[in-house]
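This report concerns only the one structure given below.
Every chain is named by a letter (A, B, C, D, E and F) in the order it is written, and numbering of its residues begins at 1.
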Amino acid sequence: MKLITAIIRPEKLDEVRQALINAEITRITVTRCAGRGQAEHVDIYRGLEVAPALAPKIRLDIACNDDFKQITVDAILGAARSEDGEIGDGKIFVTHLEECIRIRTGEEGGSAI
Amino acid sequence: MNVIHLIMTAVMVTLFASTAHASGTPEVDSGTTAWMLTSTALVLLMIPGLAMFYGGLVRTKNVLGTMMHSFSAMAIIGVIWTICGYSMAFGDTIGGVVGWDADKVLLSGIDQTIMEGGIPEYVFAMFQGKFAIITPAIIAGAFAERVKFRGYCVFIALWSLIVYNPLAHIVWGGGFLTGDAIDFAGGTVIHVSAGVAGLVAALYLGARRGYPRVAMHPNSLVMTMIGAGLLWVGWFGFNAGSSVESGLKTGQALAMTQIAAAAGALAWICIEGVLHKKATSLGLVSGILAGLVAITPAAGDVLPVGAISLGILGSLFSYAAITIKNRFGYDDTLDVFGIHGVAGIVGAIVLTFFLRDEPTGGLVQQLVHQVSGVGVAIAASAIGTLLLVWLVDKTVGFKLDERRELAGLDHSLHGEHGYGMLNPN
Amino acid sequence: MNVIHLIMTAVMVTLFASTAHASGTPEVDSGTTAWMLTSTALVLLMIPGLAMFYGGLVRTKNVLGTMMHSFSAMAIIGVIWTICGYSMAFGDTIGGVVGWDADKVLLSGIDQTIMEGGIPEYVFAMFQGKFAIITPAIIAGAFAERVKFRGYCVFIALWSLIVYNPLAHIVWGGGFLTGDAIDFAGGTVIHVSAGVAGLVAALYLGARRGYPRVAMHPNSLVMTMIGAGLLWVGWFGFNAGSSVESGLKTGQALAMTQIAAAAGALAWICIEGVLHKKATSLGLVSGILAGLVAITPAAGDVLPVGAISLGILGSLFSYAAITIKNRFGYDDTLDVFGIHGVAGIVGAIVLTFFLRDEPTGGLVQQLVHQVSGVGVAIAASAIGTLLLVWLVDKTVGFKLDERRELAGLDHSLHGEHGYGMLNPN
Amino acid sequence: MNVIHLIMTAVMVTLFASTAHASGTPEVDSGTTAWMLTSTALVLLMIPGLAMFYGGLVRTKNVLGTMMHSFSAMAIIGVIWTICGYSMAFGDTIGGVVGWDADKVLLSGIDQTIMEGGIPEYVFAMFQGKFAIITPAIIAGAFAERVKFRGYCVFIALWSLIVYNPLAHIVWGGGFLTGDAIDFAGGTVIHVSAGVAGLVAALYLGARRGYPRVAMHPNSLVMTMIGAGLLWVGWFGFNAGSSVESGLKTGQALAMTQIAAAAGALAWICIEGVLHKKATSLGLVSGILAGLVAITPAAGDVLPVGAISLGILGSLFSYAAITIKNRFGYDDTLDVFGIHGVAGIVGAIVLTFFLRDEPTGGLVQQLVHQVSGVGVAIAASAIGTLLLVWLVDKTVGFKLDERRELAGLDHSLHGEHGYGMLNPN
Amino acid sequence: MKLITAIIRPEKLDEVRQALINAEITRITVTRCAGRGQAEHVDIYRGLEVAPALAPKIRLDIACNDDFKQITVDAILGAARSEDGEIGDGKIFVTHLEECIRIRTGEEGGSAI
Amino acid sequence: MKLITAIIRPEKLDEVRQALINAEITRITVTRCAGRGQAEHVDIYRGLEVAPALAPKIRLDIACNDDFKQITVDAILGAARSEDGEIGDGKIFVTHLEECIRIRTGEEGGSAI
């Protein structure tokens, strides 16, 4: 199983969720966060390097079985990119998920995703 | 008659020693003036109140943009009203449709004027100005979350000039309906016209992207509730101030306002309690508003029983209207028509049956007056709005493009975020 | 006497040309009316103020539910007061305990009435109505975060009928204590009775689940502070409006209110500064409230030195009471008793020593009056509340079950969330 | 003369039957009193308004600490003003520089006093007290986010005693400038002096750690907007109340206030629209403030054209000042000088060219008066502030150490968090 | 070492924390998030598929040594489940934690948990 | 690649970001959270054990290539520690990052970090 974590633009949330639903991925956890990627805005202010401000972002966490990984990533990639791919569009991180347990039933593993 | 003359002089001297006027013009009544000044402040309070009410109901990304609609109405209409609005609404009538009075342009000729009721005309002009401000601010709720700021600014400026000022003139300022229809504090001029304008604009502009597929949650019902509280308080100025005195009629208007608001709120949570087994805070405050809107045209002319009834009917009809809207599926974002339009119409018409004094022409005659008053407001507002929305859309542009709408007004139009605290910075 | 008659007529004509009344009844004083209208609006502002004050102090999941307690009091008591509350409080006395007056039911007979002081009776009725609204809303703080909405609604309706209206009648409306005890603006009728009711209800209903084991943090001290600010502003209407005039007594009441609030706030942050080396914002606003409550019964009758002293004593005793409560461990969620009850009692009794004019019966006699006034309020409120809490609990149910309490009022009772912005939607 | 005497008596009896005073002293005018009471309440509303305005602009970790600056001014100055402030400002002059009047200490001798205009002196004292409270609260914005609470408390107490009270005396209370310079509602005494004090303190204390390297975002522009709305409402009391009547002058002041605020707001969003293609909500509310500040000294003495012009100029100069500040790089956190100082100076000087009545000494003479009024305010405030900041810094300490500044005022000075809802507790 | 991430109902937070403390697990990081699990509510609105609204959730992150994993999971399972296991009760995800460093001391590994 | 997750004191955020920028690590995701570490405050209230309150914390997530791991950890360690290392300074967790995708370009792997 994989844990897919995507950092996207807040304004893309609706589109990405729709794309995921279309790909039959409905289970998702969403967190408000803030971030800075390519540090395009390291301003110089009177000789001082300004820590660039953090921009609001949205973090998606999706646990999925291995075969769904690519589908999920593709759905996100398709929907989260801004018109011509601008800086700030975000990242997708994939980590290995060792266990997954459904609290309601106690089920474990792939079926609990 | 010498004695009487002496008496009059003595009275004048005693009472008005501080004012410099000759005894020919009306003298200032400090009490009435005090209440009208207060009313003006109270109605002004309705603008932040409305900004909070509306602002809390939209999605987080649009909170500032929505509040800006109310606040910029203060700025824009505040200036226009000074320049020519007051003149257009309360100047000498031109064919019963609109007023004009060189003396009232830039309020230049009223600097020393005391009106009949004993208040400086400035105060009356400012009190009325607040109504001119709040009406477009109310409309804004109908197309919240999807219009350009520039387009909105142009729209409300034109709407004020072409729809509001003439309408105010027609009903209050000496125009062709003045005196016939009962509209104590602006049920038709303000609420019906705003409600209809909202409906027309919402239909013309189309729904928000994603509506109704995507759930759109209010960003802060807490703020909405507080806003409703301020609106209630401000409405005392709105209605009781419309008596333009500080006396019996004022007290009547204040009492009816209070009673109808309470009844409206109670009715709405009862409806919800019966239908959903849950009373919501949004329901309660919607009921407050519906009650307040319904009593607005009637505040000075009905008895408590009437106020209770109008409050309840306002909530009932508004509730029904919103339910029906959900069926139709057009997107009146914050239910401007459902609440202001519907409760306003209900109030303006139903008040006929609760009047304190039998109307001079009889019930039926009065009903005709009321219906035609409402009709004029609907017609004027619908036609004017349609024209203006179209015009603005074709020129400066009104509806936001998809990218900026999805990104949210705050970021894309104003370059800001409403709740910086959410951002761990 | 011809001349005098002429004079009187001239005066009448000059002054009251606009009012239609014969010269036999009291005439409207537009100034007094203006201030009483304003006071009514100001006291209304206290309801959203209280909603914010309380709303900010509970946990995030209960914010709307807590605000609903204040807002629904506006709806429910607003209607009940119109129907029969005013009649029960200010109608002809029945044995000195409660009033009744068919003419005042549904306010049907006061439509044209001008009272002695020159204000329309409607205004007085609405002003008093606000007090009837705010009292149960204050109580709600004691059992915040753990009661059913339905039960709460029934409770406040009954409490208003059985406790508040009679009490108001006894102290103000012609009942057996009217005129003896000094209670300028409702120290006993409102604050002591609410504080005691809160205590009794909190004890009966028991603590919130997890209290005091689990830390329960206020969701927004920012909102609490703003609420306190609005309460201070509104309290000017509360106290200065209680003079039912617009003159010297009003000015005295306003000044004492302002001074006591400042003194109370200062005292509280000094206490905290000394004991904890840190002044908290919650402390400051608690001090404001304690000062305001303490001056309420005394506002019209003490000098500035008295106002400062009452403000300080109010804070001191409230602080002590809350500290002691923490020892006892009963769960008066928002310290209704600790602040309203205790500071109210302190104010009502201690005012005796700061009176402007030596009381007619002497200090001791007056002290007895004050203590018995407080005693009656405590007794009436305690007994009535106990009865009603028990009744409501046994019938519609009052205390929330564990699951819904833990889930929070907002979600489980109202199906809403206060701060949608927290949710990345 | 018998008849006249009879008449006068009749008038007195008719009008003032309720007041117990002999006919020698001025009689209460219930209308004027009503408005002055209301004004006092409105100006009080400015304190929570300011707390919100400022509170929303700082970083999340400093929101309560910043609001505490406003609220503690209510507590501290509220008490000081009662004890000796009113006496120092409005007592018999001592060399034209400061007043003193044993009778006014603790307001002990004014308990029954009715002033010329027909209002109880208490009301006037409280109205003026609000000004004394708001001035240090305004200053606080200049060094927000970096001072000790204890130091701040001591500073404002001393500043009130050494700078504000004398200045108020000099300009209004019978001091050496009384009557020369036009300062209707405190443009120089309040806004210029606060602006300059802010500038001096900000320069002395130095910038916040990290400024301007680190981006410092407002925690809630939503709250800032609401605060601005309340400030606008409250400003009606501030300016129109400064007429100390309820008549023509009051109406003029109210109208000009409304107009200038609207014009200022409109000007600012136009400037931003032109320069950045985006109107911000912070810009709009800054424009409101600049307009209000600029009209403050002029509210009773200019015509609508003047109000529009002053509003626009206020915004223009404030905008420019803030832009320039960003070049200089000193850290006036919330632009107290940029807005209150600059717009205040602009208003006080430029009003000369828009006066309703040609000034008696001619334009140039008046300009000299205005400039010297401003000059005195600047000098007094700059010198007094520098002295006091230095004194406080050397004794109790004023600037926060780095650790506590970075941790935030709320946590390190008050042991609280503003927005508990952010914390999933 | 393991990193245990649990998504639970907000109203269960107090109970779960108490259960963990009883199991002697006191170190914890809590984040507000929102999520959608079993997509029970994919409404159809006039033929359109509605993206179901996200419900508020709480995310717990607990780093623990391998032998504490089961204890932790059991404590959460026991306390987070609603009366009869309703949809929305949440998930537990377990991932492998390579390193853990205590900032205060710079300690690493199991003792730094 | 590694995913470095640090829980720090909110008041240290500016300093830590500056330290990371100095170490040429500018990409970062920041989340508001709350936590409890060493349970120093388990109060006893009339014999009851009080679940200690959660204190506000900041969570940093940084994805980096393996060779940058130590640099990142050191930068955080240096800046996030309070004067003499007090309880509450926080933790750093390191997990293995399997994949990293830049949404803007679709790039994968080390170059997408």
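In this text, a contact is a pair of C-beta atoms (placed from the backbone, for glycine too) under 8 Å apart; a residue touches a chain by one contact, two chains touch by 3 or more.
Keep in mind the model is a prediction, meaning the values are calculated, not measured.
Among the remaining chains, those touching chain B and also chain E are A, C, D, F. The interface holding more C-beta pairs in contact, when D-F is weighed against A-C, is D-F.
Here chain A and chain E face each other with different sets of residues for the most part; under half of the interface numbers are shared between them. Centre-to-centre separation between chain B and chain D, using Cα means, comes to 31 Å.
If each chain is reduced to the centroid of its CA atoms, chain A and chain B end up 45 Å from each other.
Taking each chain's centre as the mean of its C-alpha atoms, chain D lies 52 Å from chain E. Along chain E, residues 10, 14, 18, 30-34, 49, 51-54, 95-96 each make contact with two or more other chains. Chain D has residues 3, 7, 11, 15, 29-32, 34-35, 38, 63, 214-215, 217, 220, 246, 417-419, 422-425 in contact with two or more other chains. Across the interface of their complex, chain A is touched by residues 422, 424-425 of chain C.
Residues of chain F that touch chain D in their complex: 9-12, 14-15, 32-34, 53-54, 56, 83. By the touch criterion given at the top, residues 10, 13, 30-32, 58 of chain F touch chain B in their complex. Residues of chain A that touch chain F in their complex: 2, 6-8, 31-39, 42, 49, 51-52, 54, 57, 59, 73, 76-77, 80-82, 85-96. Of all the residues in chain D, the ones that touch chain C in their complex are 3, 6-7, 10-11, 14-15, 18-19, 28-35, 37-38, 40-41, 44-45, 47-48, 51-52, 55, 63-64, 67-68, 71-72, 74-79, 82, 106-108, 111-112, 114, 119-123, 125-126, 129, 149-150, 220, 223, 246, 413-423, 425.
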